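After this come two complexes, each holding chain A, first together with chain B and then together with chain C.
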Partner chain A sequence: MTNFDITSSKIDGMGPHGTNVGLLRVLGPAHVWALGVGIVLVGEYMGWNFAVGKGGAYAALIACWFAGILYTCVAMIDSEVTSTVAAAGGQYTQAKHIVGPLMAFNVGLYLVFAYTMLEAANAITAGYLFSVVATMNGFQGALDQRPFIIMCIMFLAWLNYRGVLATLTFNLVITAIAFIAIIVLFLGTSGVFGGGIMQHASLMEGAASLPYGWIGVLAAMHFGLWYYLGIEGTTQAAEEVRSPARALPFGTLAGIMTLLIAATLTWYVSTGVLPWEFLGDGVNGSVAPLFDTARLSGSNALIWLLGFGTLFATLASANGCINDASRAWFAMGRDKYLPGWFGAVHPKYRTPYRAIVFLVPIALIFALGAPLDQVITFSILSGLLEYTFMPLNIIMFRKKWPLDSIKRGYEHPFHPLPAYTLLALCAITFFAVFLGYGTQLVAMIGFYIVVSLWFHFWRYRFVNRGAQFTMPWPKPKGY
Partner chain B sequence: MQTWNYVEYGAWALSALFGILMVVDWIKTDSTYSEEVLTSSREGELEAMTEQHKN
Partner chain C sequence: MTHYTPPKQSLLSQLFDVLVLVALTVGALFVPLWMGMAGSSKSVPAPVANPTWEKLGQNSTEAKQYEALGYTPATAHDLILARFDYSFTTISLLVMIAVIIVYYVLMLRFSEAEYRDVIAEKFSKK
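Take a look at the complex of A and B:
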């Protein structure tokens, strides 16, 4: 075994390479949790219910379980690898060290696209929420949503620009409120304390149980991802946590447990009061199912709580997406996979400030110029491509650096079972996406093939090949 | 003119304010520090100034 031990509290194992200004190590496990859960929780407040439209309430529950297994595998694999590759860039950096430059370039782009698109989708949603509040307050006419969309992106970008500790502490507070709101809604409507309003038996009997049969269950897997999409974003905090070996696995695994609870409660309360035809139509029916459930409860306190919960979940997601997209872009710039200019760190705030500012207009273009469902579909597809890379990554990681060669902060159990399970579930989900969005899937894969050719034949000559590997790992087995 | 119209103007103004704050600081930072210092960060490396090894 090498002398390098990432779990050591005394040494970090990384020698000085000339860093004058680097990212600040100030985060703890709670911030990692807030980053991961914060990005995802908006999927519980809105979006998951499209799965109900694809196959009914039971199909959405089955999708919730299988997507839960998919993301549990993602969280376990990520926790092991990233507790060892403790650097900004997350899966991009993992791919660079374990697979190779071309995979790293592609994974880096998946990350930036997935998070920037999701940020844009969240901003669109925030604009919509402001218009709903205006209408509920008696505003006549149509509110211009654009200033609220832009304000959301600009405020959160500014917050990210000013420092990671304030950014993720803000996320911790609003994410915790949004999660507690779901629990309070469950306690207030399920009948645990009496006075329940659940009507599962009558709403899900007969043809309503599986309206489109088992193909509907398969199709529901596409939107089943929404329950958990983004938990893998915790890895982007790797270079800013005080103890990567402890905080990253702890925050990530606590995050997926939180989401499994939130997803199950969300499904239970929403399908218990809303007919599947209304619940499954996220455009003209139930845009925000948890908020609609609160409205049907007749409690003003629940309506206010879930109203704020919806807004907070949206802001937390956009905030986390800005954090993650900028770290991935920054890491690629630092290694010269993109112009090195993006690899700058602010000397006072210690954030990747150029990457943050550069991605603002891109998010604005998508938020103001693209339809919501297209934006979200491209985000999901990028995420799905990233999950497909993960099983290959962990299998190669265990082969090249077995457990006795590098000490991990966390060793995931039952290897290689989670890797193969993840691969199988990704294949099923690709088919489910193909059923509904085949054109976008083909277009997306075509795009990545084109940029891969560009990277291979042009951009790779600028990559700083020697300086990009700073991890003091032993030689891989067999080399 | 309703209250929400003023809120709209407020949102435009705040958007501009946050944008200006970032761009002004960005220009100030780039003109104050050398490019070598700003881009000196290396992967996963802890800064010598902040990481004091006790043993």
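Take a look at the complex of A and C:
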């Protein structure tokens, strides 16, 4: 073992060039949990149900659990790498130190687009929710959702601009409420305490069980990712947590456990009440399935609770997405992968304020101009490309810096089994995306190829070569 | 290894770079939409005239839930009968696989070349 110990509280290798100047270190493990779960929990409140539409209710359950395995691998791999590469930018910074600049540029863009699209999807859902509440309260006609979408994004961007501690403390509170709402809905409708309304047998009989056969199960994997997409965003807080080596693995792994419970409960209550065709159509049918389940429960208390739960989940997710996308954009600006102007920290609030402000209109373009399923698909595709990078990343990391060369805050078990499992599940999901969104998949990869050529042949000239390697690590093996 | 000193980039050039990225991003999402090539659209393969819950293949529980949600057989017709078409050609599948593999190979090869420069410059100083 060398003297390079990134987990030491005395050595600071997180900031640029090993300095401590930059973002404010104020967060603890609970904030990391709130960031990860806060981004993702909205996936239980909306979006996952497209998986029901792709293959039926059973297919969505199988997708839920296989996607759960995929994300458990992601969380384990991410926890190990990020406990040693604890800097803003998360997987972007990991790729920069382990794979190389071009891969890092691509990973940075995956992060920004996955989170910005997710933010747009959240704002669309919040707008929808306001329109439903207006209708339930007697509003006649169609409510214009656009002002709510704009206000939602602008308010959260302002919160992010003002400081990370308030932002993620806000997330912690509203995420906890949204999670508790799911538990209460389960307890109130499942019959655990009597008076259950679940009707799985009659809603899933005959042709409703697997309406597309086994190919529908494969197709459902596409939106199965939505149950958990964004948990890897915990790493973006790396430069702002007080103890990255402890808080990041703890927050991330606690987060994935929370989500596995929430996803399964969500599937159970929704499929036990809503017919699969309605549940599976997230545009014309059930935009917010947990809220719709509460509506059919006959309990006003549950309707209000799940209404607030849905709103809080969308706000928490959009809030976390603004946080994460701006950190990734900021980190790339700081390294000159993007114009250096974006690499500025606010002198008073210590936040990446230019990156936060710049991404607001981008999110608005997508929230106001594209349908929900397309926005979700764009987000999922960026996430999927990122998850495919992760096994390559961990295999190279262990090869270049074996366990005895750098001390890790967390070592994930059974290597390389999680890496190969993750790679296999990504391949299945690529096929699932191909079954309906093949054009978007090719368009997206075409986009990444074009921007990669732009980066390699133009943008990279502005990047300092050696200075971008900021970790206090020994020379990698084989170089 | 010789230390590489990057050129200074003017503010105008930085702005131009951002505009290029934004244009490419918006194009990647909206061009398939504008050209009507975005997938996922469902169609109703076998419409039913004068629909009833029975004709739509709904049992009593499903019919009751639809009514509680505010639907009638006529308004639920398209929602219930619309289906995805998962047919595909082998060629299109092979093209997708090739595109993904070419993309990652390209990434790893270019990255490796750049990475060697980074490591050489970073550790040659020590």
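Going forward, the second predicted complex is superposed on the first by the 466 of 479 C-alpha atoms of A that agree within 3 Å, B and C clash if a C-alpha of one lies under 4 Å from a C-alpha of the other, contacts with A are read in each partner's own complex, and residues count from 1 in each chain.
As a working rule, a contact is a pair of C-beta atoms (placed from the backbone, for glycine too) under 8 Å apart; a residue touches a chain by one contact, two chains touch by 3 or more.
This structure is a prediction, so every number in the text was calculated from the model and none was measured.
In the superposed model, A:I215 makes contact with chain C only, not with chain B.
In the superposed model, A:Q468 lies in contact with both chain B and chain C. In the superposed model, A:M76 lies in contact with neither chain B nor chain C. Of the two partner chains, neither chain B nor chain C is touched by A:I39. The wider contact with chain A, measured as residues touched, comes from C rather than the other of chain B and chain C. In the superposed pair of complexes, A:I62 makes contact with neither chain B nor chain C. Within the superposed three-chain model, A:D144 lies in touch with chain B and out of touch with chain C [touch as defined at top].
By the document's definition of touching, of the two partners only chain C reaches A:A443; chain B does not.
Once the two complexes are overlaid on the shared chain, A:Y479 sits against chain C while remaining clear of chain B. Of the two partner chains placed by the overlay, chain B and chain C both lie in contact with A:W341. Put simply, chain A uses residues 340-341, 467-468 to touch chain B in one complex and chain C in the other.
Interface residues of chain C, counted against chain A in their complex, comprise 3-4, 6-7, 9, 11, 14-15, 17-18, 20-22, 24-33, 37-40, 57-62, 65-66, 68-69, 71, 76, 78-80, 82-84, 86, 88, 92-93, 95-96, 99-100, 103-104, 106-108, 110-125.
Put simply, chain A touches chain C in their complex at residues 53-54, 99-104, 106, 113, 199, 202-203, 205-208, 211-212, 215-216, 219, 273-275, 277-278, 281, 284-285, 292, 295-296, 336, 338-341, 358, 362, 365-366, 369-370, 373-375, 377-378, 388, 392, 430-431, 434-452, 454, 456, 459-469, 475-476, 479. Contact residues of chain B toward chain A in the complex are 2-4, 7-9, 11-12, 14-15, 18-19, 21-23, 25-26, 29, 33, 35-48, 50-51, 53-55.
On the chain A side of its complex with chain B, the touching residues are 10-12, 14-25, 85-89, 93, 134, 137, 139-140, 143-144, 147-148, 150-151, 154-155, 157-158, 161, 238-239, 331, 334-335, 340-341, 343-348, 353-354, 356-357, 360, 467-468, 470-471.
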